[in-house]
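A, B, C and D are the chain letters, set down in written order, and residue numbers restart from 1 in every chain.
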Amino acid sequence: MTSDTAADRYWSTSVSKVTDGKVFIRGYDLEDLIGNLPFTAAIHLLIRGVLPTPSQARVLDGVLSAVLDYGLEKPGTVAARFAVSANPSMAVGMAAACLSVGQHTLATEDTSRFVIDTYARFKASDQTMTAFAEAEVSRLRQARQRIPGFGHPMFKRVDPRAAILRELAISEGCWTEPAELYEAIHAAFTELPGKADIAINDVGMMATVLVALGFTPEEGTGLAILSTMPGVIAHVSEEFAAHRPIRVIPRDQVHYDLETSRNLGADRGAAGWRPEWLPAEKDDR
Amino acid sequence: MTSDTAADRYWSTSVSKVTDGKVFIRGYDLEDLIGNLPFTAAIHLLIRGVLPTPSQARVLDGVLSAVLDYGLEKPGTVAARFAVSANPSMAVGMAAACLSVGQHTLATEDTSRFVIDTYARFKASDQTMTAFAEAEVSRLRQARQRIPGFGHPMFKRVDPRAAILRELAISEGCWTEPAELYEAIHAAFTELPGKADIAINDVGMMATVLVALGFTPEEGTGLAILSTMPGVIAHVSEEFAAHRPIRVIPRDQVHYDLETSRNLGADRGAAGWRPEWLPAEKDDR
Amino acid sequence: MTSDTAADRYWSTSVSKVTDGKVFIRGYDLEDLIGNLPFTAAIHLLIRGVLPTPSQARVLDGVLSAVLDYGLEKPGTVAARFAVSANPSMAVGMAAACLSVGQHTLATEDTSRFVIDTYARFKASDQTMTAFAEAEVSRLRQARQRIPGFGHPMFKRVDPRAAILRELAISEGCWTEPAELYEAIHAAFTELPGKADIAINDVGMMATVLVALGFTPEEGTGLAILSTMPGVIAHVSEEFAAHRPIRVIPRDQVHYDLETSRNLGADRGAAGWRPEWLPAEKDDR
Amino acid sequence: MTSDTAADRYWSTSVSKVTDGKVFIRGYDLEDLIGNLPFTAAIHLLIRGVLPTPSQARVLDGVLSAVLDYGLEKPGTVAARFAVSANPSMAVGMAAACLSVGQHTLATEDTSRFVIDTYARFKASDQTMTAFAEAEVSRLRQARQRIPGFGHPMFKRVDPRAAILRELAISEGCWTEPAELYEAIHAAFTELPGKADIAINDVGMMATVLVALGFTPEEGTGLAILSTMPGVIAHVSEEFAAHRPIRVIPRDQVHYDLETSRNLGADRGAAGWRPEWLPAEKDDR
């Protein structure tokens, strides 16, 4: 009787296993994998546990190239460059960039959850997709909830990046019923007064396609972050080459909103501090 | 006409200002501050913008010593030790520990928000505190929402650390009406069947006292993290002294739940991959 | 007169550029890139600034699949799982893993620097490669400096992963003179007494091939970290599914090496503290 | 026979111990500590393992207030503000700031190591302190090594913050022979031609005093980081209040140094890519 079960041990994993002289990745000998599959396929294998089909790999390539980089207008890239200007380490720059993804950027997670949850409720209903979508838009509107993944400051009606990703997923056979429902909801939404121009944005479409490929919302976030890491590496490398230790915000960009004439002794006394807490007066005690 | 206003510049700060040869911290000359106030007072000054009274400083000392360290049973400490076993850097260890504070640990933020929000609704009502508290408990119970800061696996009726902190805040005159309301809600909660033993836990009391001291929920989280940093420094220093590069989870603690006999060539073919994607076959094309 | 020059502006970048409605990645319209190149090619484009040849892409695929994952015996993976057990966020897990790469793990950077520096000195010499390699090994031995990238606890003479990577680079025409010099140094090293069995390890070979592909040592570190991110995403996803908030080190794994009977009052008095620093006594002053 | 020894168990710690219902911090019952010692004393207790004397606590207060904050001219503060503008989390901001301490900022570690190492060599010599200092300066000069902690762009001869810290350490009896040696080396250094004006800077003096208080170089770094955390909390709180999601570098601050007219199809063909790698052409194969 072995006790090697998930229930008996504190940790359990099925990602990989190290034995004497061998590493198995999701069951495959690492030595067989090296050089024998595109990195995109390795990504799919590691996260989903199975090799992708070529079509899935191409769609995943599409998702991974849907953002790539955004100059110095992505907070994580800038945080990384500031961080390494003080602590010149690639690992530090990449960590700073990872940390800077959340509520306000690359938030595929919210849309993915919306797509998954909405679809589950649709399947539990006995409505047609169109009817369900219209009811859902009404409900969200009355609850004053915004629908994640809709709208872009620049693009009206169509976000071209989203359109390309959608076409790719459809042409490779990776478009699913949940994705169709999300589009039906978008269609119902654009029927509202003043909403005709609102597009599904790139993050919304990435999220939808990631769900179609079978990734959880959190895994989708991981892939969105991963897709921007090559750009971060490039920016950190550029920062090292720039030789600008200790980046700052130039003073003329900052409103320093504080007086500079407070009196410590007076204010401390007024706050009730007695001299015996203070090192300078210690001889007087 | 100067354009040095918050509206004109992209950044604004009132924390400190650097000029040629001088640094002003919340308006005080740094040279006056050095050695002239306890670090706890500096913490209060920096975050709240004003010197604390001695009473406020003592209560803040109490909050900052309410947790301190938790052996190897706090995830952030362990994450820090693993991280530096690979990348021996104090900054890295501290960052890893900061990151490991959130929903499941040291979550003063939720309780602080609850205290602030509940109090605002109480003030907008015309109920007595007791009546409001009872109505609130009913409402939350029906909505099946748990009340943050209640309950501890070990302590029944009273969490001794919470009790000490509460006494300190009361004796120093830093106990406020929102804190009283939180206690009234706790009292109403313990009237529910089977709930008599549920204590306000240490994190709940820290959060309440932090609100009483005037800190925002997010600042409270910052102080909770700060309070554990000395312990993290100690653990990282201990890890360096241990000379154990590359910590692992010992194999007998892990259930490796994967087969190790998958065949790449066969599975790749079955997934539809053609040889021309593969480097080994490139000469045959 | 335009002032749009690197010299005039505080920041400069050539990675990407955002304009109204368009993003250009290393000069290409993002809309052209989406779905039109494998992620590996996008990685090369972003970091090196140019599209790779198919051979370069295949060799880079090889480097990116040379490690992939290492169960729970890689500190960064474990740090990530501990971190997210407290703060359930994919971004946090990935950041914790990035941070845990350094001196003791995945340290391609040292080897890449060694390869580049040694090759520069070789080119400046007028020695044959064999003579230079022998002299270099002698010199390093006398200086008691170890050569980075040599040796593996498990593999004698040949690390099979390194061998596969080397074959791939050679067969794709991505093997360079600096790589040959590193092998010549290895050959000279194995002539030393007792060193015949020492192999070039996988990290050493990754570093060598990364230099052959034209990446700087820091970029190589970035790629080594990137190559392990899919595994980190998989582990964090697994950790979320495990529902084990607040991971700890089980108590029977820890030697708690401290007494538990110190007396604060006595020790504080012995250390010279007067009661007036202490809140409890404040009324007595 | 118990097996509870450091040798038998994978982990060992003497920082704190959790038992049923009690936490012991360096041997003291946490319940005794709460509110009964200033946070500075808790910091000393946790890191050094013993309570400080009041003098040591005051000097540590001095070190902890020697920097405090530096407006938007400290990279870590700016990195934190960028990070939370995307991912609004206090833990994330603090982690980003921790990461941004290293080679180019707050590098007390180098100076502390220099002080410790130099003093060890001095004790092993039979020279007077003055003679040793002069020889050391000569040696370092010939080796073209800079001495850490010397020089400030603004302050000539004396850095006032360093002077205050030094006075505090001396007046509290926390000035040691290694600190005297560092000053002797500084005195010898200023005898060199053109060096008379070079001051010991604030970071150099912090490092020296941290060594005098018994902290290791790495612990000193930890304390330097800790000392800036209140400011980071203040800045992150300010950033949340600013409601500026997604901070960027304004475009007029950036030299975007890339063409925007590259042709993917042409370049890809020129690089040798065949159509079968490309999703768009898949139907033609």
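Worth pointing out:
The working rule: a residue touches a chain if its C-beta (ideal position, glycine included) is under 8 Å from a C-beta of that chain, and two chains touch if they have at least 3 such contacts.
Predicted, not measured: the structure shown is a model, and the values here were computed from it.
Of all chains, the one whose Cα centroid sits at the greatest distance from that of chain D is A. Between A-B and B-D, more contacting C-beta pairs join the chains of B-D.
Note on chain placement: the centre of chain B and the centre of chain D lie 22 Å apart, centres being C-alpha means. Centroid to centroid, with C-alpha atoms defining each point, chain A and chain D lie 30 Å apart.
The set of chain D residues that touch two or more partner chains comprises 10-17, 33, 35-38, 58, 61-62, 71-73, 87, 89, 91-92, 95-96, 99-102, 168, 249-250, 253-254, 256, 274, 277, 279. In terms of inter-chain touching, the protein chains here all touch one another pairwise. Of all residues in chain C, those touching chain D in their complex are 4-6, 8-17, 19, 22, 24, 26-29, 32-33, 35-38, 50-55, 87, 91-92, 95, 99, 249, 252-265, 267-268, 271-274, 277-280.
Touching chain B in their complex are the following residues of chain D: 10-18, 20-21, 23, 25, 30-31, 33-40, 42-43, 46-47, 49, 58-62, 64-66, 68-73, 89-92, 94-96, 98-102, 109, 154-155, 160-161, 164-165, 168, 216, 218-219, 221-223, 225-227, 229-238, 240, 242, 250, 274, 276-277. Those residues of chain B that touch chain C in the shared complex are 54, 58, 61-62, 71-76, 78-80, 82-83, 85-89, 92, 95-96, 99-105, 168, 171-172, 245-251, 253-254, 256, 279, 282.
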